[in-house]
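Letters A, B, C and D mark the chains in the order given here, with residues in each chain numbered from 1 onward.
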């Protein structure tokens, strides 16, 4: 018996099949949040096509009282609202599961299965009867299935109602119709089926102190709190909502009520080369500046990233990774830009990269990214992925330390410059390989010349080998300094003696934790390290060295994290084995189990 | 006693210090070629600033009867024509060497050395007296020092004369003046000094069957012979002369004498993004197309390179590496774009990279690059460097196999398509992971849709995990096929039992061979492998595995070749040690000796 | 994209073109754009234009970048060659394709984001080269595919769906092409098939860069009140400057036109276009006057449409290069390779 | 670049500006350009302009790309902040710098290759944003630093040193800036200091994007006969349309001008420029007429110079954004961070 099969209360997956552009998103969020408000851990993953309207889209909600919030791979309740994909959706249901379909139209008798429960609800008919407006009929169908599910899954109707009221707080007129649709669905279910199903929600107290938020919004909010004033971007899925988030909160908190004057500047650039140019110009001039992008943007930015590295300018770049190579699958998730980020640009370079694993960390590391960029005077790339960035995750509430002040790094202000004899931009005064910088315009003594061409430690143009090497050797040492300043890995020990560990990054986290628990239940104990930054802090190599065997789990084809570990640590490569998941869908624990313990994986699948 | 000290005949280095824009280049070439025509192996390295006129420039000629043609690091004869750098040039002379200066003006008595011979020749005065035109006075000074050197080094005056005649074949009027200047210098030397010097040239027969050519010209010529018809580029040092070479020979061989119609199309693009776009468009449409560039260009092209990889389009890209990161030192040499080339672009990618070591190989591998790009349907990057590309190297004469026909790879022509039931662009029909392609317009059945977005093996758009993975997994297998098709490494065994080897690429070659000989003379035996391509052919790993210790010699700070070997082979990293030379000047054998046998290196330096 | 196969039913009654093909043979996969999207109308016009021109589909290359507009090549001419490149860089790919094979018909479809933001440089340089292609911009003032941000063609004062007002002056592809020496410059509206189809036909036949900037409303993100790229706004302020008829090579010019009012222009393949002024003071062969006219109407909020400028006298990219008239891809290798003797001879210089 | 330190000898007799600085304080490192290069004359004009405007050098940011022209910031205002970015992408860096600190004076120096080939997109978008900067193109029709290839501003028929003839129509930065809504558009010649210095001064003082396209011959690669960007050619076909005097805020307009002929224009800081028509039919505030005038003279092979268009009424980039008038970099963190309570409150939405 698998770990998950133990209890069907608060432990199942709902998958909602819709057509995009029909307004199902808010209904699905409502459903998920209702469960969340009942204190039950939950997560929602949106699978949407790279178009705007008319194609299949799915939303998957995992309910897990135990807090396993990775994708499970199962579908226990399917809501098949899209005729186009009905066959496929039917097949997708895990044996023993439930399928709910719109019985307005007769269902093809061929499309049946005896190993699942199939429930028909005439959503369209009921909505057509109750609502006259064409658009409302479409939208209300969504609310209607929320109602049916609420009844079937025993979701607290009061919670649903208060959420609806909050949703439409600014258009209260819409509340009654929506509630009506919900009740239509609920009543139909109660009248025609045994409610609730064995598979259902029961109130818990496990979501207190938590929120449900997507990583992009959290990252955008982090930029506001970090004190960023300049944001430049070129729209690209799945990174766009970072700037949307930044904008929302800047408009809320940074616009003068009286004058309308803004304490921020968002520039929609003409492309990604311009975005990063704007960021470098603004950072050089003393602002905290950032740009969100995705893979193709990183490729386009790579010349400028190398410039930032060599000229030593801060910059914060968010790369919300999607499936590559090339345009790839823009609405699917992957972690395949790690090499591209770590060594972006021609010539010898090594960049600081941060890997948040969920939204709360997006917020935290986004603030941290600015501090590191300023402290290390170098571009910092924050690698999210579509799963973290665009899906709603349950995560600890964001909190804020009022005593926080930005670390602007080694900047000589007017006073300091006044006292200085001579200011030399690239001199390693303190032995930490980080020189001092100035902001333009602050003081006559602070002037210097930024260039991507060869320069000596004083900042002067050079073509002399010795002078050039002095600078690039220091940059190499700065990278060592960086390793000591970046966030340390998260290490979790199994509590049992073991010489085996899993190493991973970012959004693999939940899948791995779940796998570790499952394995532990089978007596297979694993330590776990989640890397949060590159260059690797010394703890990373130390942890590796404690183990005889390391599984490196990541979401790309080519084992990019393993490559980085191979290059940058002395841990023997032959003791690392890869767990690669690169389907474009969020990782689930089976990918891990299949490599580590195929027999356990099989058991799970059954 | 070092290997080189054995004989000072045909074994020394001449360094000529000039100001750029004063026409010294042709004089220096004349000098070098005279020695070459006397049958003595010789090489010339140009050290020039990143500007057009008025800054110091040096030309270094190594004369080596034994055929050691790397930079030696010594300066045995300095011709100090640039007052601005006189002090520095004086200091540069190896003890026992000779310095020749322009004694027209009194020499600062402070600037003396007792351990070298200092010879003054009044070049300016003599030329001012003999020539009336201002420009001629400047130009003739250069010829004048060639004459002086010819006398001092015992260079055959008949050879010099015939070279001058060839140089000015189209402006014969200029021959007498130039010969006059040469004789002025020669006569002055003969009258005032003991000629020849102990350090001199003696005729040999070691240059028969060889030519002196720069790598860029050879590469451009290779493109002509490969049948390339479309060349797109954006000028960038040090790659520009590849297109100059292509153009020269196309204009000679591919223009219809009567109509002026051209069988080629060279497009000076608006930037590098456009260059590579043009190449991909032309390749897709059935032409052989290429673009030369340098580091910043590779960064800018990386989005499109990823497209080429995923959409499987041939493209040939020459990256003539210069010193990075960023703009770096555009007129200095380095091998620091290896990682950037091998894994260019976001997402999982792996590109075919070729590493020629000298001009003859540039020619050969440039033809090979087109065959591989067509056969593998993927971008191929040929990594030269400034040293190979812009300096004149002595290398075997280029020869051509008349039976050669381009390997256009798996292309279905009209006949084949006529017979085909259905053509599917990305289907692995033969099991070698290489699908069939068609050229547009050839046959109605050949139409397909090229895209950088997710597609299935039939070429259809997809967002399905399974279909996507099928394609990228095949691309991964194609990379294995590539490893079997690319040029194998050059392996040279010491002839003595040894478990140690040096592994290197490209322009490191001569320096390493010289070091190996020196070490062998000391009883230290080393095998040698020069890698010619990435992905590594199986021979590479097999060779590594034969050895207990590997020195990886390369011209960059970060050990990029070693990284590639670490990632792509199972050879234990801890058994590899790096020899890194990244000053921007061509590599010399001392960099190698200093790591492998510091005591030998010291001896050599003495 | 061609996700969904469209059932291909050939009705017996469909008329056939000179190649014996029906209009069905010029269609593509089922559109996955929003219902009502202007781009789908442009798709229909393209289908019709190629059908009427008797061009074999496989002799056409459909080039595009990224965007809703750039997806459309999947929805027409499924028997043609498609190249959906990267965002904003289609002009360079088309340039390479044209260089390689001058006989293939190149049709570019792009968006205002694709051509005027990220692709502005490449777009301008393609105009400058007079690359022989028909280049259609499906212009909706927004980035459709990334959900409605303003593009560089958005007008000052135009309001986004979420309320934001655009403040920056628009980049007008038509004026830009004029300024850069473009040899065929046209503007139209996706809702005006009668104007669009002959324009596209003429653009295909023009030897050189033929720009057709088509106002093509985005129903999802930019078709509301206060948008200046909506159907309603465009219909209202739409101003036809010239009327165009396309006449195939073999055909007589049938309609009777008054002297002075109608002007036939001969294209390179012998076909002609017949222009009729709708507006008195318009001169389609005077660049300066055309710019003035467009700007004057623009100040009044009017969108001048039709073939706005044409110059059949300028050489295209191949003319400038004096390329062999045989496509480079058809030259035998033997002609391209100078051979062993030449190699030996040329090396004299390197000794 | 600043390779060679230039001896700084302050002569007792040098005049001092309002800040008590001499012209020496506005100089830079020794130029490493070719002797006679037009760019060095532009350098001299820049030095003079900033000196005369009493601008503290450290309040100036010198922005450039890559090229001989882009090197010149090392040769003037050595006490200013320099930013030598990557090829063609200086406009974006300048945009970011402007966003961060609206009070710093931005001076961009670029080349025709830098701005009209690789940088064309960024250049156009900077014009469109009306970024507040003085942007000088040192235009020589070639890529100097890479040894003389034609640039996109090379005229049709111009001959390269090696004999090749340019066939493609030039991209004219002036006409482009006009078409894109540029608010200050000027052209001058490096050999005409009298015109250039007041133009640069006015450009610096203009609030918005001020383009000064300076013909600046390349003596090494493009100063021969048959070049249309040589000193000789430029001197011959050079046509002054307007004469400009710059009058600082405090000063009276001293010279007496005839009514109708002289036109004073007030700049944002209270300084004025006084324009005198040289040519009867030129109107510096009519965009359409200006374009026509330039094009008409261009057809005659003439190069129209002077301040060709000015519009002091348009808001600059910050005006459009309604940015705080205090530079963003000077806002205290406390003002930027919403604080812990706000964070708690806003999270209500996420429950």
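Following the convention adopted for this analysis, a residue touches a chain if its C-beta (ideal position, glycine included) is under 8 Å from a C-beta of that chain, and two chains touch if they have at least 3 such contacts.
All of these numbers come straight from a predicted model, not from anything done at the bench.
Distance between Cα centroids is largest for the pairing of chain D with A.
Interface comparison, B-D versus A-D: the higher count of C-beta contacts falls to A-D. As a whole-number value, the distance joining the C-alpha centres of chain C and chain D reads 35 Å. The centroid of the Cα atoms in chain B and the matching centroid in chain D are 40 Å apart. Taking the mean of the C-alpha atoms as each chain's centre, chain A and chain B sit 45 Å apart. Shared interface positions of chain D, defined as residues touching 2 or more other chains, are 3, 86, 117-118, 120-121, 125, 129, 152.
Under the contact definition stated at the top, the residues of chain A that touch 2 or more other chains are 49-50, 270-271, 296, 303, 307, 326-327, 451-453. Residue ranges on chain B touching chain A, taken from their complex, read 49-50, 295-296, 298-300, 302-303, 306-307, 309-311, 323-332, 334, 336-337, 339-340, 343-350, 451-454, 463, 465-466, 468-469, 472-473, 476, 556-558, 560, 563, 566-567, 570, 572-574, 582-585. The residues of chain C lying in touch with chain A in their complex are 3, 32-35, 66, 68, 71, 86-88, 117-118, 120, 143-147, 149-150, 152, 220. The part of chain D that touches chain A in the complex is made up of residues 1-3, 56-59, 61, 63, 73-74, 78-86, 89-101, 103-104, 121-122, 125, 129, 318, 321-325, 328-329, 331, 333, 335-340, 342-344, 346-347, 350-351. Chain contact summary for the complex, chain D toward chain C: residues 117-121, 124-125, 128-130, 152, 167-169, 171-172, 175-176, 179-181, 287-288, 291-292, 295-296, 315, 320. Of all residues in chain B, those touching chain C in their complex are 33, 36-37, 211-213, 221, 224-225, 227, 229-230, 232, 249, 252-254, 256, 260-265, 267, 269-271, 273-287, 289, 303-304, 307, 397-402, 404-406, 439-444, 446-453, 460-462.
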